[in-house]
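Working notes, beginning with the structure itself.
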């Protein structure tokens, strides 16, 4: 099965775009062919580090005829148009989450994507984390019997700047969206959403009517219940845990230890350094695995890449959580 | 401060009554004076083991003039009348939870209790567990800054018999009531309740329209959010954990290890025996501490015993959770 | 199998004598009949708390005709004579370790004990700790295959007073003696002893030519190697761990957690309180189990109580370690 | 500080040579210029993957004039001559451990190395492991007071082939040599060595008069005692732990978890997958750090690379342990 490396067109060279550029450069089945960013210096820096042609125009990238796959890492507002453009061009696309903050725009694109048959994958990187993937595989293998409760704790190290909060779409669409996708990774059929959001510490959240603290509960068609516990900050560092509770056992995913060294003194024993890393470090392996799986998808091979429909479902659930938290209601959802 | 031992009248000699009998016998400041149970053989067995006079009539116990304090461990339906009788007699009373399954009956008793000035304590034993008590004290001492999220995982080893489910008042009034009291131990002022209940495995729950799986979220006046995760069964044993997440840190209460021994083999490493015990073992120390604190209350000393109002608040919250789960609504509560 | 409680004569009412008095009083198969201590106030205090007749003369205790079993908790120098007296009187005896600091005196008693057939048990309490006992039973059950390496870490919270060091017989006879018995609990046939002792912190040890830090290695007839790591102090608290390494797995005995609560902050995560307790707390359950097993022995039932021969073997090994450490030699031993 | 990349000549392309080739290729300050191996296909494969010129002759490599540094990863018997050749050529050299199995040959080279002033580093990779390095730095920073006891557990996953055992120099020179260097990383001045070696499971060790199980104790000039526990196999996987015990605390280095996922069932709780990896995976980061530090050394910058003298000291200690274990004596050593 000898393939030429897949030639990638990368759109967007911010923090996450740089991660993807490095993954593409490191993968023997991929190469970085074109890099587009209106802030062309960003594109040029990436090209200098990892190869490829830099441009300030994604249209030029599409027109080059030299890309076999598109990776969209530009601002959220551009995602829908870029996916549409890739689909029209017949080029497989891996797009960062979310598809859009407006479900109407997502739904307007839905039929086109479904009809075109061009692979569209969504960047839910956590599905590719070895620990979460192993937990899910072991649940599927029946190690804990029927899955009854899924608990996800997901806390960022610190709240984003107020300016970011203003355009983020709110904690549910910006942060919880990852966790509802993780919920669907284990339990795809969610039928009901409840949520509580409060503002306990972040002036930015308060200023923009957002929450900094949230608990979301999802009811699955099977009767299983998912609990998602979010905070925009965590003094102990990036906090990413999961517990799958089943009829015959329980699988727990712990935080990655920041060090193998623990200290015991007369003041405290077995103390470890805090979890210092953030998602780029925590999920470094996951980003590479995500890319490899997308390469399979782009080549028409069997692939577990999350799809456009997964991206839409996550937004539907995030919207429902937002409504549940603000209107104090329980929201039935239909992801079909 | 030399006192004569407090003479206890114990009403009810089932499993929990026997625990209290043993605690009373072991406490140098208490003695078991009278034991009443309509099933008089139960009373006699307890009297033989721990001393005191056995009777089949709680009226005889009250009339003896030989009890300084009442401990009510009889069926729930008898609690309101026995508390009233103790208050009328001017005898301090420690009553097992819940006060009643019907808030109307509790409220009917409320004014009398408030007016009488006779100490009435509720048996929320978990407040006296050294681990939970330490966690709460350390939160109060500011070790984690402002408390923002409290997560309680509480799962019983196995579902009760169907006949018990039928009269239990439902999972929220029977099981979650302990956890909402734990929530109020950390955050007394709860203002809103959401809940999801499902039936995933227990035929008894299904038969009686109850849930076997539940997630309850409470919003505190401070903005803090409490999440309570319940299951009627747990393959890994009695599962009682708590996580207090604050602005500057996190306190976690783990399950008590069932053994200090762990096994590592080529199949798995660091495996420990399951948590075999149930509440009588897990909270043995707590029951003794609960009794000591009630003795102080009965003697008019400063005491942290949970009060009648705490018992009422727990029932109000359990009722709200029940309504939230069955009617799919968010319920505002006023515990004032 | 209805027995009258075994009437105990307790000799010695220091710290460890008081522990045994409490265990005897709490065991339904035992009662405290006589208590002897030349410091008669100690005997009287114990009698007041737990019952029995106090005397300043162990001869009076023996002459009373009212004791079915002797528990020797007096100073080491009195052990040999008291065991001999009990054997002559035909009364089963449980004697605290060590039998004596002088192997010649132990050997002089050996034939009498062997000939008399009167049960003589030694107070190696750690054999009765649930964790160590479980580890040994699981090794015996083959859970880790053939036992190849046994590692024992045993550190006291703080060094004893210099005056105690002076008469202690040295760290090996005073402290390591417990650990060599634990070694023999797993691997009875020890054939060779090496030891390194140093003085790193304790002025008392330096003053009296003793060590405060020691590592002892034992070679078993099977080829298994035991490593014992001792320190007279431990800033983190009483440190009592064991690791049994076998051909197919490993069993580890951890320290008992001082609390179920852990704290995570920006400075350190998962920190627990220090191990505050010492042997009276750590081995409380073991002392009670030790007594129960001795009661069986005294009654002629099957029993796992360590014997006089176990007491002698431990002293032989401690002597060998002392010689190995001071003379810088490897010492062959014959425990036959 | 702009440098041209250091041009490396790699000698030896076995398993460890390939690790170094990858590290050189990945380091922006290094490049693989020449690769020599008598088995020239090995050299060619490495050259194809990472660049450089392949040869079957290390002489050709030295003669090329195109290498700024030598990395020796060839069989042990060639190390002394290759170091000598590099020193004569004035080229810095990083040599895998051990320098030689014969201390006489090492000592014969010693004066030349000392006189030449050419950097010679030894490949004690574990010093560069982040966990061990952090533990040592924290000991040096005084976090646990004076270091009193150092315990190193080091067990390989499975015994090497009998043919390897035959030429390995024995467990102490082949395996323990890493651990005595780790001991010297914390406590450079070792003055005495004891050791016990036994053969409990490995036919290869038995056939060649070697041990498969060993415990080595080292006494440091400070009075601190080091214990090294080795086994040639470990059912639970590669077992690499360290405990530094000091006057005010303790630092422990745990095994790297093989997964963040743990499983709890009715049979066992908190069970994790076994430690599957071996040194190439466990110390992957360490090899890269080792190389970076050697590049500094080669450039004349401050460096913590272990030196020829460290390599010699490790062999002296391994020799002493071998003698202690076979002759049953305690061996004084002088590393000066």
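A, B, C and D label the chains in the order they appear, each numbered from 1.
In the analysis below, contacts are C-beta pairs under 8 Å (C-beta built on N, C-alpha and C of every residue); 3 or more make two chains touch, one makes a residue touch a chain.
Just so you know, these numbers come straight off a predicted model, no measurement behind them.
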| item | value |
| --- | --- |
| Selected pair, greater C-beta contact count between A-C and A-D | A-D |
| Furthest chain, CA centroid comparison against chain A | C |
| Distance between the centres, which are taken as Cα means, of chain D and chain A, whole angstrom | 41 |
| Euclidean distance of C-alpha centroids - chain A vs chain C, Å | 59 |
| Where chain D touches two or more other chains, by residue | 144, 235-236, 248-250, 262-266, 270 |
| Sites on chain A touched by chain C in the complex | 235-237, 258, 263-275 |
| Interface residues, chain B side, partner chain A - complex | 144-146, 148-149, 151, 153, 155, 192, 194, 196, 198-201, 213-215, 217, 219, 222-225, 227, 229, 231, 233-236, 245-250, 328-330 |
| Contacting residues of chain A [partner chain D, same complex] | 130-131, 134-135, 138, 143-144, 248-257, 259-266, 270 |
